[in-house]
Amino acid sequence: MAESTDTDALVLSDDPLHPANHICELCAKFYTLGWVTGTGGGTSIRHGDKIYIAPSGVQKELMRPTDMFVMDFASKSYVRKPQTHKPSACTPLFLAAFTRGAGCCIHTHSQWAVLVTLLVERDFGKDACFEIEEIEQIKGIPRGRGKTGNLGYFERLRIPIIENTAHEEDLTESLEAAMEKYPDTYAVLVRRHGIYVWGDNVHKAKTQCESIDYILQLAVQMKQLGLPWTK
Amino acid sequence: MAESTDTDALVLSDDPLHPANHICELCAKFYTLGWVTGTGGGTSIRHGDKIYIAPSGVQKELMRPTDMFVMDFASKSYVRKPQTHKPSACTPLFLAAFTRGAGCCIHTHSQWAVLVTLLVERDFGKDACFEIEEIEQIKGIPRGRGKTGNLGYFERLRIPIIENTAHEEDLTESLEAAMEKYPDTYAVLVRRHGIYVWGDNVHKAKTQCESIDYILQLAVQMKQLGLPWTK
Amino acid sequence: MAESTDTDALVLSDDPLHPANHICELCAKFYTLGWVTGTGGGTSIRHGDKIYIAPSGVQKELMRPTDMFVMDFASKSYVRKPQTHKPSACTPLFLAAFTRGAGCCIHTHSQWAVLVTLLVERDFGKDACFEIEEIEQIKGIPRGRGKTGNLGYFERLRIPIIENTAHEEDLTESLEAAMEKYPDTYAVLVRRHGIYVWGDNVHKAKTQCESIDYILQLAVQMKQLGLPWTK
Amino acid sequence: MAESTDTDALVLSDDPLHPANHICELCAKFYTLGWVTGTGGGTSIRHGDKIYIAPSGVQKELMRPTDMFVMDFASKSYVRKPQTHKPSACTPLFLAAFTRGAGCCIHTHSQWAVLVTLLVERDFGKDACFEIEEIEQIKGIPRGRGKTGNLGYFERLRIPIIENTAHEEDLTESLEAAMEKYPDTYAVLVRRHGIYVWGDNVHKAKTQCESIDYILQLAVQMKQLGLPWTK
């Protein structure tokens, strides 16, 4: 019970951009985009030395700030843990992004992501990543951590794909391996599952996630029309 | 007239989660998802010893709490019957789910459901059920009544399909037969018609219905791209 | 100027179901369904001895009650004619429906309607009507004027198709011919153009239009998947 | 700092149709249509001797009037330049339309536009423009600057396509060349990128953009169904 009095101050704010409010607003929007259907997906924001995380198993479009988990980033211990909820199984995956400098991480079950992972496997093999080039929206993705600016129109976007596992937390190792192998990527696709997208801050994570989802949707439609992804 | 004075107390409440309010809010959302177009589909909630049911033939996105029918679950007699409406023909089907422990039952005319029933018939025959495996969203479906937890990623989701009939209430017998044959299922597809999905409570019925609809949509798109549903 | 003082009483009402308000609310909804994009489409309601008609060339989702034209049904003369607008070229087509007893008529440019007219022409010839059977949503369409009840699940839905003309008002003759040839129909498709749907009142016209659009969308998707419309 | 006090009067107004307010409302609508995903796309309005332009790199559905750039049309110098934003790289392209008499110019990344440019290239070659005929919605497009009325149903709609470049401003020359070669066009497609649509005023630009996007979406679906665009 101490939890509900001591720690509410961490999630109650009049500022719509406070992470506890912001996650709720983002997830309501993501629901209308089909990204977080049926309690799937999630969103996490780093705010100074704290990590705010949407809980597991809740209707993402109906969340309230008091539903949020809050973790101390340094110690990785929860400083707020709503007793009616389970922490998100995505937490170690979000932390992998935060450890590499991200300020926000979004996980979606977008059907375009799932379909692209299936198409890549069938057409290019299990070890292939998703590759596309010469689509304007590619310019919405940064060139890579520590690099200046965004990808150019003539540059190829590559998003690694990892195999799904029975338990979401077991994705951590292969997610981190993909991050090491593709140090410039801001996204990792998970076969038959969805995608993780992160960015330096909420604005970047959200707009990069939109740009990538746009590209994945376009890629599926290109396949249906017999149009190649690369030249 | 007695009806409109004696029984309004059953449907008037300030609580947005009161079943009479909740059904209205859910159906407005389901309308935007294309599930209850043109008065199609319906929703019913069990609340203690009472069943709340959306009426037949109304625009589902415009319903008001006073439109609701209320039935006594034990006696199966209406304790509230709005005189301007007809009771839903889905009522015996909803009751079949409530009898098996459901707390909420949703019926949609989702086009993805209709298309999947046609694809299964063409590709696997009239006796086949819909089967898919290794899709993350499968984890949104419980393993079965009396069993612990949800289906795993590597487990196969099976949803039985029954043949449509001229009159909706005539589906009851085959729906109940499918429930007996597939005791673990929380959904039954109706060929060329739609789907019934239920759950232990409103939260579960709604999120399971979303997860299944997501999987059905994905399955249709997989077919269009030549991707198999099972290995 | 007399118009704007004398006749505003015809369109100003606190009742959301007053035709001048109702047309605005319906068209805003139809815009989100893609039915009245780019000033296309229209809606008209008969209210006693008056016909209310949305104007031509306006953004249908932004209309206000004062934008409405009002016509005396007996004399076919306008009793309200907003000087900043042009009357709808659909007016004679709406009148054809009202003359046959309709209480509301909806015209959409739904892409599903356009695609179905093209598919019917290619696969069944220019003289064929659209035919489909054994789809539950068919039960949302009445059996015909003067007949009791709606179509049954095992009955075939037939919607005639007329050829488009350079000027919308020139469709009147062939629309009326189709109404004579198919006296039971509540809808006429217009090749490469859209559809007219009417009903005894607003509720019926709106829900029948939704049911038909649902069926047309399903029919297009069935074609893409190689599924036949009839047995 | 002078900027934020001297020039706020240019963007603060109670009139929802003031360009600074209107651009925000339009872009929020365009976001729901998928036209300005992930900071892509943009909108500009000419208002007397001033040009109002949405900034680069912002979430288009969240813009506020104070985010707007304002340029003096005669001198092409900014009279308002929010210090936290970058001016839109589309600016010279918008100016090309304004110079030819436009009152509003809209740039979208619509996926239908991108797919049509790919289909035209594959099926008709790199020099071909997009051509379609006998679709009712064509009547939503004016016949050409200085000409009376809109295209007729039996007239062919032609939209030129230019090749994309690494930097958006480098499109200006080929956009202007396309405007010269197709003096009647109100739109130019950009391969693998999107479309620019303009009109005499906001109403016309918005409804023409909707009509064209409708036609492009229909064209993609026609291709998927094997239906030709012209006779």
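Annotations
Just so it is clear, A, B, C and D label the chains in written order, and each chain counts residues from 1 on its own.
Criterion: a residue touches a chain if its C-beta (ideal position, glycine included) is under 8 Å from a C-beta of that chain, and two chains touch if they have at least 3 such contacts.
Only a predicted model underlies this, so the values are computations on that prediction, with no experimental measurement involved.
In summary, the pair subunit A and subunit D forms a contact in which the copies contribute largely different residue numbers, shared numbers making up under half of all those used. Measuring from the averaged C-alpha position of subunit A to that of subunit C gives a distance of 44 Å.
Note on chain placement: the centre of subunit A and the centre of subunit B lie 31 Å apart, centres being C-alpha means. Among the residues of subunit D, those touching two or more other chains are numbered 224. Taken together, the touching pairs link the chains into one ring where each has two partners.
Chain pairs that touch one another: A-B, A-D, B-C, C-D. Those residues of subunit C that touch subunit D in the shared complex are 34, 37-40, 59, 109, 111, 114-115, 118-119, 122, 164-166, 190, 192-194, 220, 223-224.
Remark: subunit D residues 134-137, 140, 152-154, 203, 206-211, 213-214, 217-218, 221-222, 224-225, 227 touch subunit C in the complex.
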